[in-house]
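First chain A sits with chain B, and in the next complex the same chain sits with chain C.
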Partner chain A sequence: RGRACGGLVAVVSPCTSKLVTSIQLFLFFCLSDVSCNSVAQKIYVELNNTVPCVRLLNATHQIGCQSSISGDTGVIHVLESEADLEWPLSKGPNPPYMVLLESSLFTKSIMMKMKNASSRVAGVVVVQKTSPPEFSPHTTCPNENTGVYTETYDHNLAHCNTTVWNPRGNGLSYEEFDSPVFSLKEDNETEVIKQCYFDHNRVVNGSGLQYPLCAMQLFSHMHAVTDTATCMRRSSMDFSTSPVMVCDPLGGYNVCAFIRPYNSTAFGHKENESVVILDSRAFFLEDSTGAEGSVSGFVTLLAAAQALREATQEAPPTRNILFAFFHGEVFDYIGSSRMVYDMKNNMFVIDLDNVHSILEIGQVAVRSGTNLFLHSDPVSRRNNTVHDEVTNLVKNLQSSTAGLNFSLVETDFSQPLPPSSFQRLLRARAIPGIVLADHQTDINNRYYESFYDNAAHLNLTYPSNLSPEEQLEFVTDTAKSLTEVATAVARALFKQAGGNNSQVNKINADPKTVTQMLYGFLVRSNNSWFQAVMAPELKDILQPNPPQYYVGVAKSSHQANALTYLVQYLLANLTGTATNLTQSQCKKPDELPNESTYLYSYLWVQGVVPPNSTQRESFCVRTAVRLVKAVSPAFDLGDYISKEYSTWTKSQWKFIKARIFLVASRDLEMLTLGVGVAVLFTSLLVTYFVRTKADVLFSSVREPNNAAY
Partner chain B sequence: MTASVFFGCTFIAFGPAIALFLFTIARDPLRVIFLIAGAFFWLCSLLLSSLVWFITVQISNKESSSQQKGLLIFGVVLSVLLQETCRFGYYKLLKKANEGLLMLSAEETMPISIRQLAYVSGLGFGFMSGAFSMVNILADSVGPGTIGIHGDSQHYFLSSAFMTMAIVLLHMFWGVVFFDSCEKQHWWSLAVVVISHLLVSCLTFQNPQYVGSLVPTYIIVFLLGLWAFFCSGGSLRNLKLCLTCKDKDFLLANHRPR
Partner chain C sequence: MNLERLPNEEKLTLCRKYYLGKLQMYVCVWGFAFLPFLWLVNVVWFFKEAFVKPTYTEQLQIKTYVKRSGLGLLLWVAVLTTWITIFQHFRAEWGEVGDYLSFTIPLGIP
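Up next is the complex of A and B:
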């Protein structure tokens, strides 16, 4: 609000203005375009780049953190070591405390101690600094109840009895905290906080802490409680036309593409069609780039799809191939369970009978040696047909590594599948399939589902003298190894789909594409190649940092998150064909004789900027890539306590913010109140006295001829 | 800072004003009306000075700090002069209104004397001035934080409250003295009122050395209070009589029939 201010009252209202801080003067200075709450600006410093921990709910629990409705305030304490926890937990004289700790101290034992002392600890702020040697906040057995290994399937393999896949997991993400937990990057704001702490909160030897103390307040109140069923019931109780939702189901879109597209409106079984599925997971968690966890897998898949394009167009194989990118797999397999559900209920273009075999690319970037491993399911292989098919697939895969620098080794026969989307398909039908991974037993990823699983974890290093565009083109070693994996996968898939063996050696993945994708997904999404493949209206999702990876909520409008669009457009670019259509024709291609929106989707993309001009050469891509809605079937069925499907929802909130300020001592506050009450009483008494004696006090007013003196 | 600071500062700043209103003005509707009209006149002066301030700030050079400081001093002086002008305008209006009221009413004497009007209008000015000074600060004092993270003094809320109390009382005293000197055509005492107003406003440039601004201000409050007391008919003799409780005898003595 803009307001001009008069001068007399300059005495009491300070204003901020950068020029005045040097003068010891309070200027009353309100510009019409500056929010003029200058007193608040003198008190609070707002923190803008915070990432809060939010509340998630499923059928039985709530996890995550929340603050009280008017925020949680605590005196800042910077934790230096685990022993230093004594201060906020018991010794410190000014509870409650807001504990600031570095990421190396963000361990389960410290967090649980603080959780138990919630009366003295108002909240936790984690500053992301150097990576610890290992850290995984996920559970030790990811998705143990929604995979295929249940008690009924095989008692010995259930609940990770034979192999614990994530032994480093501490389960921190699945704990419930009553106090807010925020995460900050190491930047200017963190410096301000630390400076405030050092100025005001440090104990000087011997003397106690002097007020005023530096404090922080965190707001992250969540509306939903208890579990999904409760919050869905509360959401639907509002009978107005626009119901107020208290929580939103997690979900997004799966990206699917067939080599030979089907009519997208014809659902159900396709006679005589056999499909090989190649898929990868998108295991994403908030603020985690999932470099090894997911990016390695889907980048390899994209490269394999590109490698297959030429060969499948020249000599189409007998069987069709489906490239599938499943979204939200970390939350009990949202994407893959949705696809299986659609297939079973004739809501997808093929059904489970059409699926011939499955190859899944798991985590493939962190090798310990030169081998990659092929995991299969021992229980379904007890059936001979399945066993033969799997052996055939293994043979195809192993023969595809000829001439490459690695080899594929089968894992131990009795070992179950690692957590993968293939498990959901197995749960529905015993389909032959293989999961390709870089680990033989437990996973190699030391930072599974944490924010340290980033470019540095994959050793993505670029020489320092390169500009961003040169870094984009630079082929790293990681890119080279992933390219080889993609080549092997593409060749194996071609053979598996019944392609002509003589064409196999021409199938090669392109290392330049792989390294550009790795750069775009892990370092900087706003680069020239990503700009060229995106649609003009979506170019704003490209940022100078890696794209946001959190599985968002499934919005009712057709809006996917940044990652989904990137994968969709990249797959379109790598497997589709450029056409000559104009922009208006691209929107309505059905009017043209040879084009059909039943089979293909038409995307208008920006294209590159030619060297001598500034205009982009946009064009229309005809592609078989489709987005398929990926929301857990539990929400369609209304079964919010489902044990079969994912029931994860995310709570809604009003606002989330953090700020720091100084707090005064209780004594000063009480003194102020006391003085105020005293002034009020005194003035009441004096006024009463003056009023009753007013005749006398002001009697000189009387006209002289009325007085008798 | 918290609710206790909020209430403490409210009571400090507006305690005398509330007490005066409750005991002397609230029962008489005519006085209430004139109080509110006085407040309105102060608002008019604020509007005019704000307008001038806004325009001069927009056309000034925002980067030059000396220019901004000079602009602030100019703003303060202008605002004080405008307030006193509005007070004078209100005085003129009241004189005219009084004549009209006398014609309309059935009684022979004026329902409200000019002296009472002076007091009421001064208090009205004081209320409005105090409200504009203090309300914004009170709203921020409810939050958990106190001033100081950027290095400013911690005693901001308390000193603002005391200053506001001084201003409220001062406006009341100025009202009394101003109207009295206008009645008696003592233009020099009018000048003293304006000069003391300017002096108090300029003392605030001492902030954040609150002692340097508050102590002289309270000295001026005391002095002006004495002057207003004498202007409105008080004398040391009356005061002594009241305080030693001999007032009843005095009244009886005065009403002895002749």
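Up next is the complex of A and C:
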């Protein structure tokens, strides 16, 4: 503040030439856009690396956080323990407070206490530090209303009556907060905040706090409110030329690849075709990397797809195999419900009659022991044909672990399926299938759907003296165990698809691929291998962090999120063929005699950099991988209160930012305002008096002149 | 327009015009639409003429017009205030109906 005042003094200098020069300098700076708002920069410190909690809506509720339209300001208070909550909630003399807490204090009880005292707590900022022993903000029974276990399917299995899958779940993600909640990583900005707090806000010897105090302001005003039906209705009522979209449906793209591709324009039933589906779900939320929750599953699937490439090209099995990566499964199965809907309405290349069986890879990386477990659905197995098929699939799986360091055990017969995409397919048709997981009853994942489910949770440790490229190549133990799982899955799938038994033992997953994928998805996506498999125009997706995992909104243009592209290009690289096409031919391959865009998609990828050169050897990959739109069918049907399909939408907002600054006391502010108003009225009064008495005040000078005339 | 300079007959004609809402050549429809505002103008503009100035021939009629405009104005104010209060209070609860009755819907609040 002192420096700003000095600047003002310089401008109001009595010497006119100095004044002119100052004005010229000021204008120069303004026009060249260098430091036009330097006063604002002296007051506010902007915080850039924040992750806000946004508002999500579904058919009945709104969850998440909302700030007021002009931001919420509060005096910063760093919470040290749960008992310290008394200060912001009752004892502190300067409400409202902005509570800063470490991740170990980010528990449901503390958050609910602060939610109830929203007049004194302006917002919450969570600093991510060490992982607590367990933390899962999801519900105890994920997706309980949109799975297959409804009251009508089986009364005893509905609503997790027999097995509670996520017992540590506290449901914090599904609560509604009236104040903003932001999350920060521990870095320089957090240090600045803590320094400001220690300088100004600490209570010294029990005496009162002296103004000015350090305060923080959070802006995260959400436009949508109440529920999905309301916000979709408001979005569609456009009275002005540019309608305001208030919320967007969640969604993205599923990634699908057949071993033997079909004509992509021919939808509906395929005669005499039988398909085995291998799928994994992409349960992504917010900032969560979902290391155990989803990465373990789809990395294993990618490795299995690679392992199957050789064998299926040499001796194609009788049945076709579909590799499917479903997106947005945490939000009531967006991806899988879409695929089932497409299949039922002849909008997909196969339909439900073509599906022979399903194998799903669930969470497989955190084992307690050497066993992995095979979950099946007891209700559909009451039918003998389904039961026989499932038993056959189990047999194929169990025999595929011969020579590997683990074994597959069936779970208890009466236990239902864990939350999985397979449940949505079962909801449509009783298809035989198995879900492979590392847990026998409830899940082993202590950080389900939270931002602690990261590389450290999977014990992905690299020796400290390795460079990033060496870390990429280093085969961790986690990678080795996932490789074995992938090998078993690939062999079982080959047998299930009717492949030749003698070829089975040649099918092996590659540990190097698995460890490279784990590194790329969980540690650093900007590595040489990911760069080689990506397209040139998408290389900015690769960052020095793990990729952005949030299920974004379903954009109308063909823009998927980073993860979808990564999975698509990796699957293309691992199951496709490199061709000799040039870049222009790769864009229009139909002109060539042997290529067909109906069956394949052609992707131009960057390729590796050869040792003695700087140019990348880019090439064209011919692959059967397709991106299929994954938006909940409820939005196509216009049924925003659907109980059948996911109705999740995300609110829109104008801007989200956070900043810290010093605040003066309320008394000083009122005094300043009072003085200003008083000056205004005084000047009005003075002007009025001068005006009415103008002849008295100004005429005495003229009189002698009048007298002269 | 300075009322001071007008002769009394013209003042009466003007007051009547504002009371009836016939402005220039437009049909009463427009007049009826803006009636509350026209009546407000009538009351404010002609108040001095009707009640404060010394009596003249046309003043009685002007007085009638001003009184009737005043009454009409009060009625409109009462109706509008009631409707606005009800609407502001219950718009959120009316859900779909409330949204269809609104021109701009506030963002972020029900």
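Criterion: the second predicted complex is superposed on the first by the 636 of 709 C-alpha atoms of A that agree within 3 Å, B and C clash if a C-alpha of one lies under 4 Å from a C-alpha of the other, contacts with A are read in each partner's own complex, and residues count from 1 in each chain.
Definition applied: contacts are C-beta pairs under 8 Å (C-beta built on N, C-alpha and C of every residue); 3 or more make two chains touch, one makes a residue touch a chain.
Predicted model, so just to flag it, every value in this text is computed and none were measured.
In the superposed model, A:352 makes contact with neither chain B nor chain C.
By the touch criterion defined above, A:209 lies against neither chain B nor chain C after alignment on the C-alpha atoms of chain A.
In the superposition on chain A, A:679 makes contact with chain B only, not with chain C. In the superposed model, B is the one of chain B and chain C that contacts more residues of chain A.
Of the two partner chains placed around the shared chain by superposition, neither chain B nor chain C is touched by A:430. Applying the stated contact rule after C-alpha superposition, one finds that A:246 touches chain C and leaves chain B untouched. Looking at the shared chain after the overlay, A:394 reaches neither chain B nor chain C.
By the touch criterion stated above, A:223 is placed in contact with chain C alone, chain B being left untouched. Applying the stated touch rule to the two superposed structures, the chain B and chain C interfaces on chain A have no residue in common.
Residues of chain B touching chain A in their complex: 1-2, 4-5, 7-12, 15-16, 18-20, 22-24, 45-46, 49-51, 53-54, 57, 62-65, 68-69, 72, 74-80, 83, 115, 129, 132-134, 136-137, 140, 143-150, 152, 154, 156-158, 160-161, 163-165, 167, 201, 204-205, 207-208, 213, 229, 232-235, 238-239, 241-242, 247, 250-251, 253-254, 256, 258. Contact residues on chain A toward chain B in their complex (touch as defined above): 3-14, 17, 19-29, 31-32, 37, 39-40, 42-45, 73, 196, 212, 214-215, 217, 659-664, 668-677, 679-680, 682-684, 686-688, 691, 693, 695-701, 707-709. In the complex of the two chains, the chain A residues touching chain C come out as 66, 69, 221-226, 230, 233-234, 237, 239, 244, 246.
Across the interface of their complex, chain A is touched by residues 95-96, 99-100, 103-105, 107-110 of chain C.
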